[in-house]
């Protein structure tokens, strides 16, 4: 079977959807030259009205997409760096997200925002290394963090087809990940439905995006000690609480690894749900970036601030040891 | 003893600090005319260089404050409406917050951001009714939501004196609250230290800002049924986990009422901490805005979306009933 | 057209005066930003538009949506938060929208709508339609970077969009001269957008300028910017009726009223025609207010209806 | 001054060439945005400044901080993430800062620093100091609304700030003509800011224009805008050395190199003087690189040191 990389899967999804639906168009910076490779080949296939290079005017082009969506198109915006989402937070959270309710259901805003290379990219330092998916979940914008090439393909397709704004984070740490894929099986993956990436019975590890690979590796590494289930929610919001509950009902122990900051992040939400509804045999644990994290430039420091395999191992052993 | 209103307390803190420290100045929209009353009387006392009316250029004037802080001043920005914080999210979370670490400790950014009238203000509808304190806590910006006039005074003073950026939310629902105050006792209230607003033994209710009054009222109302402790963290970030832990150690039951959205909000963080460290007799509960809430205009709908006393009563009864 | 323009300015004026009364009586909760004094702009601009043309509006938006043709009963009902309102009571004064009439909604964030209108206009062209979009905003908005960014996109891509700046001299209490370095039209000209200053108190002048701009946009020649000089006769927002803010003199207000668009256009009608229109407007608004007052409040249990257009992903 | 300017352009050029080598060899992790080709701007502007004047820089910022006088060893050390770096290895290429030298830091967000510099300059004046601030940015930045907002504040309040736009023809791959409607200087002029286009390849011309602007600012007459035309000789970012992006022709590149600032200024020196400066620069950089390579890596346990200036509230 051919190998498909995660980044190529996103590129393929975008191309397929541009092909399938005239209303879809892509806009963003350097997408004609495909600086990030997300849009590789698309300009020559679809031309300047479907692949629209924008000036450095993120706020205006984000609202521009909202306006185009209100008029019937289905825009996809590529953002080169995760912190650009801070710059357009008002435009997404306060404009695109709110039109449906505020208009009393008169309109819809089917815009997809994609960040190819979210989280830490080696050496990009403090202002280019954030992973702000929890922020969008908090304000209620549908938020997706795929972990595999097939999911990247299928979730991006679903995001574009969804009638609401959807943010798709493609973690830098996952872009190069490749897997064997039978192209004929590539299909939309529904939003809001998680998957058990590895079955196990002693502890559930919840992981998103590139961290799913880390969780799987740790599960293998600790296979002699414990049977670890890895649950990949795929969508941060809406969260597949039922899928998670089913997993935890089997394992009764829970660890979350999450590349956002600790306070009120994704892991906090999972633990809150656990506190409310799950019957656990031991207190759950979070493995996250520290509170208020700013990623230092020096590589060892950058790595120290990100949740890593060692931290995960320690957390898993912690919950297993507890009575 | 004279009565002091919450809004007047903020005004007094600002005036006192402008008086005490030449480096402090205020900037914002319509602050000369004092449209919100936060700056009432200050323009005539301190003149245009200390009370600086700005054009509608939130992004630039937020960074302007950062620059002024880097050069040695201590700016206070008034934002007229909470969603303006979305518009300047990059400037606070990605600029002001990050300078200290990124520069290797060469500088500090002592800017205070104040929103007099955060949360729902009757009739202001979808784009003017947010309460985004959890977002700032998540990114690690010090975040304060005072509940009483004395705390409003003391926390604003501490915020201005702090060498980091601090966001102060003054909920619309608290601005008119008045209490008897001996002016000579007004003093800074340290960031990061909560207070027990009412002692009790059966359940801890965590509440912030205007909701502290609701929690106290509910505690009175249910006094015949249960002894309710009301814990007011005052600061959302850093959270006074020790203070909270001490309270919960006494009550072993926990309800959080929180005017932010449910997913990954302040209440989620409190429940996550509870799941990690507290030994509870019953699962804790959250009373929050719903996920992704957009406040509808019609008053009854607006109210239905906000966490209210009835919801709090139900949650308290729920945790008390549980085995 | 003379009569039509008068009818529109009169309708807006009387709608606003009644709305202010409803704020006082508590039927409208939370207050409004009255459009009183600026009616000629909405009337003149919208008279130049087709039904399929689009507009975006502002916090001070009642005039725009009325001029674009909304049913005043549904507008009153919206301001009163009723289920029969334009937005089913979910939007209120600052978000009134009627997508069927090309009204993409008012916007409560100053400067935000310009880029939304630009995107919508661009999309219309891409979809093969010949409609244009008009975006209204105040003098305060030209200091918002996101609006200036929109000028750039519109000019670069020759988008059929019209930027209408209502310069009423103030952003809340901030005089335009303390807020705008350079000139308002200069900001648009810097992006190569033709920009004109016109008398915003005279609906016929506004109509003429808008017609030229719309023709230009439909001909594929890109955006135009109109600065309409005007004056806000009433408060920034009705809260100012209680909390007097000290920023305008009585003389200045009187000078403003001396150029009342209702009188300017009214003087072009015979006394008889004018009285007939006035009576017609009054009857229309009587009926509209009655319908609105009599219509149902939405059910609080449906507070989150419409939150998502695709709710099915919430399992 | 002729020699000094040459020394600076030569220093920046050779620093960048060595830095690119260190990227290739892996000593610098993550790459850099080379300043090669644009050296005359940093050299000319900073030669007009006093030690207590402030600058803010960009993602393509090495030239600015070197010209403002940082120790090249500490700059190399910063790029290598060492504890002896300007920012103790915490900032890296895009955040190099030396507050003691008035360098408020590079900024990785295009268009962000203009308003920071404006605020810092305003504060200096309020504190009774006579220093000015210079903010560097590219042609791409003039499309960012927040920068345009800063022009307004600076003009309104006559802030002693200088806006220096390095127009190198591209924002990454986007040609300036496809991105900027109107003209670059027109954007500043719209706010009443005097704006000039100058030859950014000639450090003496840049110095002259900057000196005039700085004098004006110090005299309390407010901001000036300089568009320096230039060309980026190397990649947008060193990642482009591996992933070739197709947006510039070989002819265009050759035309760019034909106006090399190092040659333009070098030609003003005698061969002997030039050789002496070259040797001096080489010796300086040899030493600097050696120091940097030999200095310690920061301790990962201290990864969050400096996160807060007032950490005492974390109990």
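Here the chain labels run A, B, C and D in written order, and each chain numbers its own residues starting at 1.
Methods note: a contact is a pair of C-beta atoms (placed from the backbone, for glycine too) under 8 Å apart; a residue touches a chain by one contact, two chains touch by 3 or more.
This is a predicted model, so every value here is computed, not measured.
A.B. asks: Which chains, if any, touch chain B and chain C both?
C.D. replies: Neighbours common to chain B and chain C are A, D.
A.B. asks: Tell me which has more C-beta contacts between its two chains, A-C or A-D.
C.D. replies: The comparison resolves to A-C.
A.B. asks: CA centre of chain A versus CA centre of chain B: separation in Å?
C.D. replies: Roughly 30 Å separates the two chain centres.
A.B. asks: Please tell me the distance, in whole Å, between the geometric centres of chain B and chain D computed from their C-alpha atoms.
C.D. replies: Distance between chain centres, rounded to whole Å: 39 Å.
A.B. asks: Between chain A and chain D, what is the gap in Å from one C-alpha centre to the other?
C.D. replies: 35
A.B. asks: Quick check: what residues of chain C touch more than one other chain, meaning two or more?
C.D. replies: Residues 87, 89-91, 95, 107, 109, 143-146, 149, 152, 156, 178-180, 304, 307-308 of chain C touch two or more partner chains.
A.B. asks: Quick check: what residues of chain A touch more than one other chain, meaning two or more?
C.D. replies: Chain A, residues with two or more chain partners: 55, 57, 59-60, 83, 87, 90, 94-95, 101-102, 125-127, 140, 238, 292-294, 296-297.
A.B. asks: What is the shape of the graph in which nodes denote protein chains and edges denote touching chain pairs (line, ring, star, complete, other)?
C.D. replies: complete
A.B. asks: List the residues on chain B that touch chain D in their complex, please.
C.D. replies: Residues 25, 49, 54-55, 57, 59-73, 75, 90-91, 94-95, 99-110, 140, 142, 162-164, 190-193, 235, 238, 240, 242 of chain B touch chain D in their complex.
A.B. asks: What residues on chain D touch chain C, complex-wise?
C.D. replies: Answer in residue numbers: 143-149, 151-152, 155-156, 178-183, 186-187, 189-193.
A.B. asks: Within their complex, state which residues of chain B touch chain C.
C.D. replies: So the residues of chain B in touch with chain C come to 29-30, 32-35, 37, 53, 55-60, 83, 87, 121-128, 290, 292-294, 296-305.
A.B. asks: Taking the touch rule as given, give the residues of chain A at its contact with chain B in the complex, in rising order.
C.D. replies: 83, 86-87, 89-90, 93-95, 97-98, 101-102, 125-127, 130, 132, 134-135, 137-141, 237-239, 260-261, 263-269, 271-272, 274-277, 280, 283-286, 291-294, 296-297
A.B. asks: Could you list, by residue number, the parts of chain D that touch chain A in their complex?
C.D. replies: Spelled out, the residues of chain D in touch with chain A are 28-31, 78, 81-82, 87, 89-95, 107-111, 140-141, 143-145, 171-174, 178-180, 243, 245-247, 297-298, 300-304, 307-308.
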